[in-house]
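Here you go, one structure.
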């Protein structure tokens, strides 16, 4: 029922814009990753040296490994916090359900920077936590390892991504028809059997989506390491950032960025298929 | 409590849930609390209530310049992203064209990819196009990246919309142009406002893309970011508290809109 | 299949000239053929119903006329004007949608005024016509209400007013009553019929409900799998179904696979006089055309008689339906006025004219 003119009128502007301002930039990134820098100038000479360097230099591999470890920790921690919370809000919160749901949503709107900054003031050696520990006579000197460590990065990212993880899990739990639980109990399953055999499998798509969110978002984060990570908390995106900044090796930086991009997209399409297989609709 | 599920499991679940809530909110409480602390951002307990930091903040021109810059960028981004997002959503909903699947993925890419990748790509593009970094590049970057948010929200709105509404309008003699303004857009009013609010907030808060596109004039987050390097003062707590308050106001608007949408739907 | 009867004049058509002509229209969705060479005429002032099961193509035909779909082949003409090349907003027809499609952001008055305003009617005229339309459907006092706050029946009335206020030459109604509960439905049926008589506007009505079609229509066009099965007045289509499908879809029937030889049709235990040519033939015999003859009373001489045993007696208030076994593999349905419970072997008669020859 929509005329040809209507269809071209609505499709052409976004197509053009996305082509110029998204496709072209991403393509430039891809092209750069096959070029090289000589005497501080980018030379358009096609080569795979950047990718080779990435996989042979141990520094990068180490950082990559640490990034994976941090992202995995963030994922597990946010799941451990987010899933029970979603389960509680969805099944047990009764009349307070809507308000509790809102309470989880609110932090999503609070500035990333504000939240990161808050952790910085809490974890610092003259920060709130150390102040509290000494005030309560648990320690007598400031504890130094809290800030500027992978731990701080995991803590900050977990704090940021727990509400993200909560959302899809909550949605999945909410969509479970309640009579299924009654049926399970009617058939003699205990509460924990019901949880393991009915609730958990049916909420799996949400859990997968949440886990993917947390992992992918932490994987490419470069601000948390800068804020609270210190040297020992450096992640792969910081490598990219410094290659584009001080080190001025855009081609190598582009190659690392492309690896993050490809890895992210692969992971997303993988979980997408998994979620599809897991959903029973 | 749900009568059909055993309450026994809730006995440890409830304290656990409270603990998670505490974890989520404690940093915010600390942040707000210390914005009124005379002795600075650290130490325990906070002593000597003061509004000194807020006074300092209101006299701080650099911050308010940055706020103004951020508002400009955010307003521009809302306009750009909503316009293109609306067209993109209409195209995805109603038109068939070669490369539609690719287009769909491409539009959503900035939402999925780490900000650093989109930021750097746009930086390369700016260099390639010979455009000097400024608030304009930041605005173009935000606007483009946030088309994804607008498209997602508005596409969902279009899917929920009853096609028969537009058919009825044409049937009653309204042209496609009249139908767009009198039926399609009013039907999308709530998703448009919701998407606008979301884009505004995200743009006000954006760092990862801004980081690489910023010129001499700072946005608010970049201004705060810069100051963090020089050391922390409760003035940053104070501005963070204000940001938090504004966020809460925006959420409550968004929340009331959402409730109204749900009520209309039922 | 009897598309030829489409052009034949039929009883019950209110007034003369042809308003709308559908000429050999076909429609495909992908590879699926939804409409197959359908031709029919609608007379001015007529109440024509498109009747069929879901998937019969009835709604598609309506949408082709309204202009929401374009035919793959064929033409649609209206008062000497080619209709199918016009966009929907230039066609002199209006639609009452299945779920009404009232604009939720406009109140009742603005919904009704929508079409007039879109066509640039003067504000003073709009007000008067909207008031008239609302009065016509008895919805004046709801003029300021939003559609979301109205009941189904009220929304139905507003949808009707919104379409009629434009004074279309042809009103298309897409299962407009299907969302209403049974009682309201009956009431709306009679109001709709009265309104159509009063206004003299041509109605093209789509439904899957054969009772509704019979009650309302001047003529019924029965569609099946995208083809026109039969088009005739309700009485004609019920009394003289052209096909076995028509006989079964409209009302209940007994289909008799008979063999005609020398003026006598034979089907199992049943024998009756027939004017059909020799050879195999299919007949439709309505359950109410069979009469139960209590023991002893002699049957009329011209009637066909048979005996059978009762298998089931389904009580239905005014009437009841009997399932009669009259042979080892043969069963017939008989509808009689409600009586005492019956049992054992009984005698039945029917008039041979009531066994109608139908196409397969």
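Residue numbering begins at 1 within each chain, and the chains themselves are lettered A, B and C in the order written.
To be clear about the criterion, contacts are C-beta pairs under 8 Å (C-beta built on N, C-alpha and C of every residue); 3 or more make two chains touch, one makes a residue touch a chain.
These numbers were taken from a predicted model, which means no experiment stands behind them.
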item	value
Most centrally placed chain, judged by C-alpha centres	B
Which two chains share the largest set of C-beta contact pairs	A-B
Centroid distance [mean C-alpha coordinates] between chain B and chain A, Å	17
Geometric centre distance via CA averages, chain C-chain B, whole Å	55
Geometric centre distance via CA averages, chain C-chain A, whole Å	60
Per-residue multi-chain contacts in chain A, two or more chains	1, 3
Touching two or more other chains - residue numbers and ranges from chain C	67-68, 87-88
Residues of chain B engaged with two or more neighbouring chains	167, 170, 176
Chain C - residues contacting chain B, complex	66-68, 87-90, 93-95, 97-99, 101-105, 114-115, 118-119, 148, 162-163, 166
Complex contact set, residues of chain A against chain B	1-3, 6-8, 10-11, 13-15, 17-18, 21-26, 28-29, 32, 81-82, 84-85, 87-89, 91-92, 94, 100, 102-107, 109-115, 117-122, 124, 126-128, 130-132, 134-135, 159, 162-163, 178, 181-182, 185, 191-192, 195, 216-217, 219-223, 227, 237, 240-241, 244, 250, 253-254, 257, 260-261, 264-265, 268
Touching residues (chain side chain A, partner chain C) in the complex	1, 3
Complex contacts: residues of chain B adjacent to chain C	162, 164-165, 167-176, 178-179, 182-183, 186-187, 189, 264
Of chain B, residues touching chain A in the complex	1-2, 4-10, 13-14, 16-17, 20-21, 23-25, 27-28, 30-31, 34, 41-45, 84-85, 87-88, 90-91, 94-97, 103, 106-107, 109-110, 112-118, 120-125, 128, 140, 144, 147, 166-167, 170, 176, 201, 204-205, 207-208, 211-212, 221, 224-225, 228, 232, 236-237, 240, 243-244, 247-248, 250-251, 255
